[in-house]
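Next come two complexes, and both contain chain A; in the first it sits with chain B, in the second with chain C.
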Partner chain A sequence: MGTGTLAPSLKQALFAYTSFTLLYIFGQFRDFFRKRWSKASLKGYAPIRQDYEDFYTRRMYYRIHDCFNRPITGPPSSWMDVLERTPVNRQEPLTTTGKIKRCLNLGSYNYLGFASSDPYCTPRVLDTLSQHGWSLCSNRADAGTTPVHEELERELASFLGKEAALTCGMGFATNSAFLPVLATPGTLVLSDALNHSSIVAGVRAAKGTVRVFDHNDPEHLERLLRTALVEGQPRIHRPWRKVIIVVEGIYSMEGEVVDLAGFVAVAKKYKAYIWLDEAHSIGAMGATGRGVCEHLGVSSADIDVLMGTFSKSFGACGGYVAANKDVIDYFKAQCPAHLYATAMTPPAVQMVLSALRLITGADGSDRGAHKLSQLRTNANYFRSGLLRLGFNVLGDWDSPVMPVMIFQPAKLSATSREMLRLGVAVVEVGFPATPLLTSRMRVCISASHTRQDLDYALQLFDYVAERCDIRYGGDTARALANTGPKIQAV
Partner chain B sequence: SGVSHYFSAVPERDIVYWSVHTAGSGALSASTVPSLWCAAPMESPRSQAGLGIKASEANKNTNWLDSPAAWVYYVALLLLSWLLVSSFTDPGIAWTYVHIAHGVLTYIIFHWVKGSPIANDQGVYDSQTFWEQIDDGQQFTPARKFLTAVPVVLFLLASNGTDYRRQPLGVNLIVVIVLVIAKLASMHRVRILGINKY
Partner chain C sequence: MASHMVPAVGEFLPRDALAWVEEIISTAWTTFKPGGRLHPQTFIESKGHLVVEAILLALISYLLFQGRQKPQRRKERPLSKEEVDELCEEWQPEPLVGKLTAAQAARPPHVITAVSGCSVEVDGKPTTSFASTDFLGFSNLEQGRQVCEEAIHKYGVGACGPRGFYGTMDVHLELEAEIARFMGAEEAILYSYDIATISSIIPAFANAKDLIVCDEAVNYSIQTGCSLSRARLLTFKHNDLADLQRVLEKVAAEDKRSRKPLNRRFIVVEGIYASLGDMAPLKELMALKEKFKYRLIVDESLSLGVLGQHGRGAADHFGIPPTAVEIVGASLGTALACIGGFCSGNREMVDHQRLSGLGYCFSASSPPYTAKVTLETFRALREEGPRLRERLAANAAAFRALAAGVPGLRVVGGEAAAASPVVHLQLDPAPETYEEGDLLLERVVAHVLKHHSILLATAKYSSVETRRPPPSIRRVRLRPVLVTALHEPRHLQAATTALTEAMAALRPR
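Moving on, here comes the complex of A and B:
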């Protein structure tokens, strides 16, 4: 998978299975005694949750829940303040102790460094805040469309090379509310195996049929599509109304870039539509930040719906879809997110608009181009550094997302706590967000990281690798360290 | 956090796959759990014409079973438990103890406990046992074949280890018959006398 391997070696797999077995056994023991000794609170009522459904959360997640959902204070720029919390105590909630730890931020999706105050964007955001207020208190269709919204949608559409665009107040909801509008009954949706849960939610809510194809595998997609076309809809065997292929630009858990040319070829051959979720790639990939289409040399006219979010590269919140004008008009008439959900807040819209102008150079400076190249350089430098240290790092060159494989569930919490103690904030992900044996530590690089920050981080990673023994890349990784794009000296 | 439901390289199988993701599809709703006398119609892997393409399995509760490393681990656990028991008793009868303990444990884990410990699935698998969830309900997959073979092999080892004496052969035979019947394709989603239906 890019510069790393997803599957563990047999030895690591056996150790990981042993860990999970022990966790399972201890969990079952604790559940057994809890059932004997706890008093039933509401007699005669059905339990509000099934206890087995909750087993993973109670008996595995809560053992290490101090590694997740850490509260921060202040903006999440390249360094940030993490609030320290009390230690884990069964399933009691953790409280803050009042102490603040200054940490190097390798966990935020702050790709272009817009998370902190910006000399171009922030004054304009404050102007819009005083002009339009904090909330429009309305959905877009009623009284929630301001000139700022329209301006953003116009500029976004021209930035992406599409006819029209539409924004939504929430990035997750952009997938989960817009996909069902297109995936009507009789639609076949082909979804990548590693698609984000917003896509899974949208496709589950849709009345269309979904088939899941192997990750980033256009051949498997083609075989599935051919079989589905030949067999028709389930049970009635009538032809499908339409086929939609849903893929992402960068897969955030793997840092891998989609094989877009392959998927476009399949879509064109069978006259299927493509929905491309560029949440992590818009503003981060491509020479001018136009996403994976630009990065891979695919024309954006070949992608039917381009979707993205503003919370990563643009430092705001919300999402967008961009497509032909008739599709966007259809969304405006039919999508519940547009008709009933609150409109994107005007300061956020202005933030995105200003960030967009900065990226394209419309503000008259070259800061945007500098940010983009800085992000790419930082990403390649850090990836090369991690590989040289012997880590198993997933993802492709140029991708700012770098999952470092940990495999063992116990090392997940060990590395997380050690990293926090040393002053580095990373996000750790394990089962069930990832497959069982593929726990990982995900690093997100920002354009605002300096070379010193990255060198400091590499030193700390080296130290943690010694303490926790997580150099799973070995000599293969070290050999790959210098195969990336040339990194200019600082 | 994202949802990923792909795990390691799985050899392509010649089995037709029908989608089980649609909300309210018949195969997954509790109302279609039949009684003993009318078993649910089972998709035969050979009954569908065409290339027979299997889509990616999404159930994170069970898709880790598709990797050979899990099978190696399972066999290693059995061997280690036999070694442990043999240090207290005669190695031959130790296989009987392992076989019976394995039978009881796997019956509870595979064929009794229903649902999935992953809250994100929103109760889609609440009426299905672990065995029924494997490979999204497809029958005759490599994982199922392996897991069906294990109690049989243990039975052979246990009977051999006790020189086929009448007892414990009888007990071993009952255990293996119960386990193998539970794993049969025609017992998919069947609840005898409505036991363990909800």
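Moving on, here comes the complex of A and C:
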């Protein structure tokens, strides 16, 4: 997958399976005693957490739960203050000890470095705060639309090359509340196998039918689509009303860029609509930050609905959809998020607007262009550095998301704790967010990382790789290290 | 004849046995020898017909008991590539979106240019607003602005990550602790979006094997949560406890018959219903829930801060102790004047959501400045809550009384709803069709805004709602008027006068 391989080798798979089996056996053993000696649950009520559903949480997650939910204080910029917590003690909650550890941040979604105070954005944000307050206490349709909201939507639409745009206060809800509006009964939704949980929630809540195609595989999509069009709707066999293909720009767990040209070709041939989720790629990919469409040379007019979030590249919260005017008008009339949910908080709207102006250069400086090129350079430099060290790094060149394969569950916690001790905050993802054998560490690079930061991180990665033996890329990875785009010297 | 065989075995068998065997053999020989009774030739001549009859009988039985066989359908030839191409070529999709109704097209996009208390500027024109959920007037807290500024300087704007991956800030933890303290619960969990709160909570605790009984008038968020959970869903008539009892008894009777293992069961209600503005009869509900052993989920979005001695919501209003309701979910965008939502309850239940609540695990956490300002609003709620709640209740009751006098409109909710600041006004008499009523109310609201500078809002519903309209009443259009503590009696009077005039102008009787 890109510069790495997702599937473990036989040896790695065996070790991983052995790990999990041991954990399972120990877990069952402990459960046996727990059942005999734990306090009885309320009589007449089924336990609120089901035994088998909860097994993973109780017996595996809680062993390493200090690797997740780490609290910080201050902004999540390139260096951040992580609050230290008490050590793991069975299932007791962890509390902060009061000590702070300054860490290099390789985990937050801070692609363009907007996480902390910015000389252009912050004054404007504070202005909007004094003018409109921090909450409008109303849904958008009733009394929640301010000039800032409208301005942002206009500028966003023109940035993305679409007729109109609509914002929402939460990125997750931009998929889960907007997709059901389109996926009416009789609609076929074709969703990539590795789509985000918000897309899955959106299509499950919808009344249309969903079918899943293999990850990033336009051929499989075409086969599925042909069969579906011939057979019609399930049970009644009437023709489908419409078909919507849902893909993401960058898949954050794989760091991979979508084969957009392939999907657009299929969509055009079979008259299907495309919904593109650019949560991680907007502002991070493309020469001017316009996302994967620009990066891959696909016209944004070919994508029916462009969706994205503001929490990653724009340093705020919320999400947007951009499409033709009639589609956006329909969303304004029908979308539950627009009609029921509190409007996006005005300071965050202004943050996005200012960040957008910075990115396009409308603020009169070249800081935006500099940030975009810095991000690309940093991403490629770090990826090439990791590959040279022999790691198995997934994803494509230019992508700022780099999953490093770990495979063994125990090494997840070992690397996470060791890196924290050394002063680098990384994100580890394991089962059930990923398939059982493919645990990984995910690195997110930011434009605000300096070359020294990256070199420091690479040194520490090297050290941890020695101690934990996680150089799963081997010679293949080393061979790929110099195949990326040329990196400017600093 | 047979006797020659006897000496061969004679050495091994006792005398009597030998005699007995000899007798059997000689009898058999007598029967089967030519001329004997059962010799084949004699048998066939005298009883041969029996054999034929037996065979025929066997054949008939076989044919009778053989199953019916359907004629084999010839397997259809699979379609060729060209045929599939042709079918795909022929197929035409509908447009991506449908058409808007007349009422939806008539909705003007109000742009709020400034907010100050209950007065807002709509498109530059000062108006009195009855469309904001800021029931206690906290969206203007002086300290709030300062706190936000400091937080934006310290933390930036966004949290840049989900709670699991460095999106947890100390302010989030502080806010969760404060919410737990306020609600009298063991622990609380913060969500970053109000409609994602309940719709993440319900699927975390209910799956296909479980049962949810909810009021038929619940909001979209609860409906989505119930459908995402894939649990069996039963509804009872709005606020009708007799109907709820009937449903619970029906399920109990099914239990007796089926002997399935005990599953998780929930009753879901709202503190103040968003769609009707009245309150759930929680006291009696608690009794039913205890009797039938169900867990209660209450959505206190509109009642938090508004009802109850401590401001904890509808449960507090009815004197129910805080730990009695198992799962309490609420929005922080209403009386708390911020964004997001929370769930409070015991530690086991709340902790489970940290891994199973979709809106918590897979979403960026709320911006730190919003968490910081919510802490400030909670402080204000503790200090000034009782006084403001009294004013709010007085305003709500006054408005309901005044609005009852507007001809052509009816106030939803009787005596029990007197304290609720969410006042729904229905057209009375009911209009012919839903669309007609919708359009008329949009026109009334536009008229009131233009001529009287009062901002009201029609109740808008999405087509994706799975609400089942009550079968007995024809579905009529509703409009919520949101009364806040900041409104003065003159505002309430002005609103009702405006409504009266508008109704007279647009729907003359």
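Throughout what follows, the second predicted complex is superposed on the first by the 489 of 490 C-alpha atoms of A that agree within 3 Å, B and C clash if a C-alpha of one lies under 4 Å from a C-alpha of the other, contacts with A are read in each partner's own complex, and residues count from 1 in each chain.
Definition applied: a contact is a pair of C-beta atoms (placed from the backbone, for glycine too) under 8 Å apart; a residue touches a chain by one contact, two chains touch by 3 or more.
On a predicted model such as this, the values are computed, not experimentally measured, just so you know.
S.K.: Would you check which partner chain A:V230 touches, where first means chain B only, second means chain C only, and both and neither mean what they say?
M.R.: A:V230: touches chain B and chain C.
S.K.: According to the stated criteria, A:R204 is in contact with first (chain B), second (chain C), both, or neither; which is it?
M.R.: A:R204 sits against chain B and chain C alike.
S.K.: Is A:A261 touching the first partner chain B, the second partner chain C, both, or neither of them?
M.R.: Once the two structures are laid over each other on A, A:A261 reaches no partner at all.
S.K.: Counting residues of chain A in contact, which comes out ahead: chain B or chain C?
M.R.: C
S.K.: Please work out whether A:L436 is in contact with chain B alone, chain C alone, both, or neither, and reply first, second, both or neither.
M.R.: Touch status of A:L436: first partner only.
S.K.: I'd like to know which partner A:Y52 touches here: chain B for first, chain C for second, both or neither.
M.R.: A:Y52: touches chain B, not chain C.
S.K.: Which of the two partners, first being chain B and second being chain C, lies in contact with A:D214: first, second, both, or neither?
M.R.: After superposition on chain A, A:D214 lies in contact with chain B alone.
S.K.: Which partner does A:I25 contact after superposing on A: first (chain B), second (chain C), both, neither?
M.R.: neither
S.K.: Let me test your reading of the model: by the given contact rule, A:H196 touches which partner, first (chain B), second (chain C), both or neither?
M.R.: both
S.K.: Which partner chains sit in contact with A:A7 here, chain B, chain C, both or neither? Use first/second/both/neither.
M.R.: first
S.K.: On chain A, which stretch or stretches are contacted by chain B in one complex as well as by chain C in the other?
M.R.: The answer is residues 50, 53-54, 57, 196-197, 204-205, 207, 226, 230 of chain A.
S.K.: Would you pull the chain A residues touching chain B in the complex into a rising list?
M.R.: 6-8, 10, 13-14, 17-18, 21, 50, 52-57, 193-197, 200, 203-205, 207-215, 220, 223-224, 226-227, 230-231, 234, 251-254, 429, 431-438
S.K.: Taking the touch rule as given, give the residues of chain B at its contact with chain A in the complex, in rising order.
M.R.: Touch list, chain B to chain A: 1-9, 16-19, 21-23, 25, 48, 50-53, 55-58, 60, 63-64, 67, 69-70, 72-73, 76-77, 113-120, 123, 126.
S.K.: Using the touch definition up top, name the residues of chain A that touch chain C in the complex.
M.R.: 44-46, 48-50, 53-54, 57, 61, 68-77, 80, 82-83, 93, 96, 105, 107-110, 114-117, 121-122, 125-126, 129-138, 141-147, 150, 169-173, 176-177, 180-182, 184, 196-198, 201, 204-207, 225-226, 229-230, 239-244, 269-273, 304-305, 309-312, 314-317, 323, 326-327, 329-337, 339-342, 344-345, 347-348, 351, 425, 427
S.K.: Show which residues of chain C lie in contact with chain A when the two form their complex.
M.R.: Per the touch definition, chain C meets chain A at residues 79, 84, 87-88, 91-98, 100-101, 104-105, 107, 109-115, 120, 122, 129, 131-134, 139-140, 144-145, 148-149, 152-161, 163-170, 172-173, 192-196, 199, 205, 207, 219-221, 224, 227-228, 261-265, 274, 293, 295, 326, 331, 333-334, 337-339, 347-349, 351-352, 354-355, 358-359, 361-364, 366-367, 369-370, 373, 455, 457, 460-465.
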